[in-house]
Amino acid sequence: MTENSFRKKLGNIIFESDSPAGKAFDVILLVAILLSVIVVLLDSVASYHEKLGEFFYILEWAFTIIFTIEYFLRIYTAHKPLKYIFSFYGIIDLLAILPSYLSVFLVGSHYLVVIRILRLLRVFRVLKLARFVGAADTLQTALRNSRAKIIVFLEVVLTIVVIVGSMMYLIEGPENGFNSIPKSIYWAIVTLTTVGYGDMAPNTPLGQILASLLMITGYAIIAVPTGIITTEMSKISSKKQASDKTCTHCRTGMQDADAVYCKKCGKVF
Amino acid sequence: MTENSFRKKLGNIIFESDSPAGKAFDVILLVAILLSVIVVLLDSVASYHEKLGEFFYILEWAFTIIFTIEYFLRIYTAHKPLKYIFSFYGIIDLLAILPSYLSVFLVGSHYLVVIRILRLLRVFRVLKLARFVGAADTLQTALRNSRAKIIVFLEVVLTIVVIVGSMMYLIEGPENGFNSIPKSIYWAIVTLTTVGYGDMAPNTPLGQILASLLMITGYAIIAVPTGIITTEMSKISSKKQASDKTCTHCRTGMQDADAVYCKKCGKVF
Amino acid sequence: MTENSFRKKLGNIIFESDSPAGKAFDVILLVAILLSVIVVLLDSVASYHEKLGEFFYILEWAFTIIFTIEYFLRIYTAHKPLKYIFSFYGIIDLLAILPSYLSVFLVGSHYLVVIRILRLLRVFRVLKLARFVGAADTLQTALRNSRAKIIVFLEVVLTIVVIVGSMMYLIEGPENGFNSIPKSIYWAIVTLTTVGYGDMAPNTPLGQILASLLMITGYAIIAVPTGIITTEMSKISSKKQASDKTCTHCRTGMQDADAVYCKKCGKVF
Amino acid sequence: MTENSFRKKLGNIIFESDSPAGKAFDVILLVAILLSVIVVLLDSVASYHEKLGEFFYILEWAFTIIFTIEYFLRIYTAHKPLKYIFSFYGIIDLLAILPSYLSVFLVGSHYLVVIRILRLLRVFRVLKLARFVGAADTLQTALRNSRAKIIVFLEVVLTIVVIVGSMMYLIEGPENGFNSIPKSIYWAIVTLTTVGYGDMAPNTPLGQILASLLMITGYAIIAVPTGIITTEMSKISSKKQASDKTCTHCRTGMQDADAVYCKKCGKVF
């Protein structure tokens, strides 16, 4: 076997999952990612760290070395190595190993390896679950299409919380826990989003009236992003239904269900 | 009366509710289920347990014995006993009596009999409330159709809470109550879902900024499941309306349910 | 003026609001209702009660006497007195004066006069705000049409909170504030609805995992009532648009926009 | 250059942003607004105020003077000065400088300059981001169209919180923190909107049952504003799609935006 054909074969196993070896590689990888994340989670619990700290330490480095080898193999076998390195998953693969090496110099940074969980997002593509890939695409398209509306919405939310937060700072003041405007804005966000921790809460009647107005506003305007996303999804969904009809001449899909002539080439169906 | 015809008659009373006897049986059963659940609920209140504990104990065993007899009668009278045993309601019927027997060996397990409340889900079928059965079916279909999208959504939510939870652990640390990454992830879930207990809340400015971003994310992405379900329900609803009527002459579909003449060719249906 | 024509004239002023006198009567009535509610609210504040208690007491009785006179005038001038007495607003009008008389015998019950606020619901009808009446009707229709689905939804919610509440009672127990199953069910409702007071919160890892699942469930299934209501509203809204087309022969409205023949009588439009 | 043409040129720079100078002016202005708001926010933090208070004080007055000059330049160069002064942005521009001058007489009022953040709402128009302006218009139209329904909804919410708040005052009473009816109404709003601070929470079983009902109500009726807004947005969205194209030969409307041939008669557009 020449080196070239070996590289091709290896690349197939690593990047694709249609061969038995490729599928096995991907499943093992997913399990390894999951395990390495769980190790970090458990290591952060003081009682486990005391008992199993060294074992976790070894495990973590083992996973890091494995993922490092995998990363360089991906670069070695990729069609266009540079394209892979700067792709979404290429960057995540790098970020997934960096924190461990960083932790040699910077104590605590090794917890950042939980970023490995992002690698799990591949799971649907790996497992060839067409329905889930389709669902993910639909969600992505809906979110992308409603981006402009959602940014406008967020700017309005930001304006509301800055103004109401400042007013609450004047009304309640530091004696009621509203120490500064930024902290009051934080409170306004906690209230508007209906999270409501209760670590800060208005005590004066005027503050409670303003808070009530903010809550009702937050309760009502949550309808806005919902309306935006729902409308986009309905559009995508109805377009998909329409696409059942495809022109037999020019292959243009997504034609209206009641169309008699193709909208692109004008041929009768 | 032969044994066979007796079994058939009994099975009719137990499984169907179109005869007066069958209906009476079902209503009594529903009331008994409700009472047995209420007994467990009250028994768990310390003050009632002290005063009425023994009375509750007797009642609970009475209900358990009744439901056990009923369970074996169901097996005895079912057309295909095995099919019943492994059906959804068959399993629930068994689970509804097991905890009481288990409590002989395992203290406390008798509270699990509240699982009996699942048996109440039969209520609509029993009472022959066609509208409610239809409504339940619509909801079930909508949820089943949106399963793929909702799983993708939940995976994204999981990824967000793991990453944000880990970052909060690094930012806030054990001195602010963020003792471990799993506990920080729990906090991230409490925050993202806008529950906001307030048992843990960020104290550092950086933590509060990150928390604010998480809240706004949670507040905005609740739109996603809503959009998914709404779109599915609209589809089901419009399909129901559309499929009602098609002209037998010109084949134009999607006619109104109350139409007498075709809206396209004017022929009587 | 005969007594009969006087009664008719008075009834017109009281029940209708198309004459200047009728409109003036209704506006004064709405203001009086609002004032009487505000008096009760302020009277409940200890510091105001001390200073102005007697003044509030006199005011409250003044309003009660006025509303009592009004109530008997309504009965006296109504077309069908019995129909008025048992109508929705008739009952509310009675309930709005009863608590004051009841308070003579039962201390504290006079606070129930806040039920008067229900009388304010007339405001849109009184002010002849056709758009608001239409909006209220649309909302009512949407809610009525989705009743079956919402009841099914609530039964599922009830089942979830009973089962999860009981499990939490077993997991957390009285030592963590989960004193009884009913109280744990209360906690489950607080959590599922994303209210999250924080007066009870899980402390054990297992309890926090179960709580996390409950929160995510609550966060996701809020999509269900939203989907139900939105679908109903869309239906009503699109039916309204369709109704622009009305048959010129048989006056049947709500025909499809693209219809060529009337769906009821078969005539060409 | 005559004074008139100078004024015209200046007005172009200030009000429009299609020339390089106009664009530069607008971008600098937006940055200045943002900076001036950040200065106020930081100044309210005690530790920063101690160290940098004087510096912030100078900065704030510098910004105020700049914005005052800008305001008078806007009046000077506007086509119709009065129309500008009483326009939405004209009033905001005035309110953005007033608090600083007011703070000379009224301590604390200078925090109100955060109202300057409202000026940032211009950002999309300034940056000529057509998509965002369109998105903002869609949101505004949807909110305006659903105003009547939302007001009816808010009146129902108000009625619920007043009645439930009063009942809770009677049930829980001052000994459980429900000091007065207005405060109980505040609690009812906190609960209905699912914010749930936890500063007040019911302690009696009856109070907890009533609170549970209120929470489930709040959880379910959030569907109403969502349904309203979503329906409006769908209407706007489908109108936009539909109005895009109508065949000039056969007058069939609602053709796809990207259609080249009519779907009914096959003619080129």
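Chains: A, B, C and D, in written order; residue numbering restarts at 1 for each.
We take it that a contact is a pair of C-beta atoms (placed from the backbone, for glycine too) under 8 Å apart; a residue touches a chain by one contact, two chains touch by 3 or more.
Just so it is clear, the structure is predicted and the values come from calculations on it, not from any experiment.
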Inset, instruction - Treat each pair of touching chains as one step and give the shortest count from subunit B to subunit D. - result: 1
Inset, instruction - Using mean Cα positions as chain centres, tell me which chain lies farthest from subunit A. - result: C
Inset, instruction - Sharing over half of the contact pairs with A-D by residue number is what counts; pick that pair out of B-D, A-C or A-B. - result: A-B
Legend entry - Copies subunit B and subunit A - interface residue numbers shared by over half, same or different: different
Inset, instruction - Measure off the straight-line distance from the CA centroid of subunit C to the CA centroid of subunit D, and report it in whole Å. - result: 29
Inset, instruction - Quick one: which residues in subunit D touch 2 or more of the other chains? - result: 153, 182, 194-198, 218, 222, 226-228, 230, 234
Inset, instruction - Report the residues of subunit D in contact with subunit A in the complex, numbered from low to high. - result: 37, 40-42, 44-46, 108, 111-112, 114-115, 117-118, 120-121, 123-124, 131-132, 134-136, 138-139, 142-143, 150, 153-154, 157, 182-183, 186, 189-190, 192-199, 218, 222, 225-230, 232-234, 237, 241, 255-256, 258-268
Inset, instruction - In the complex, go through subunit A and note every residue touching subunit D. - result: 148-149, 151-153, 155-156, 158-159, 162-163, 166-167, 169-170, 174, 179-182, 185, 191, 194-198, 201, 205, 208-209, 211-212, 215-216, 218-220, 222-224, 226-228, 230-231, 234-235, 254-256, 258-266, 268
Legend entry - Touch list for subunit C against partner subunit A, complex: 194-198, 226, 230
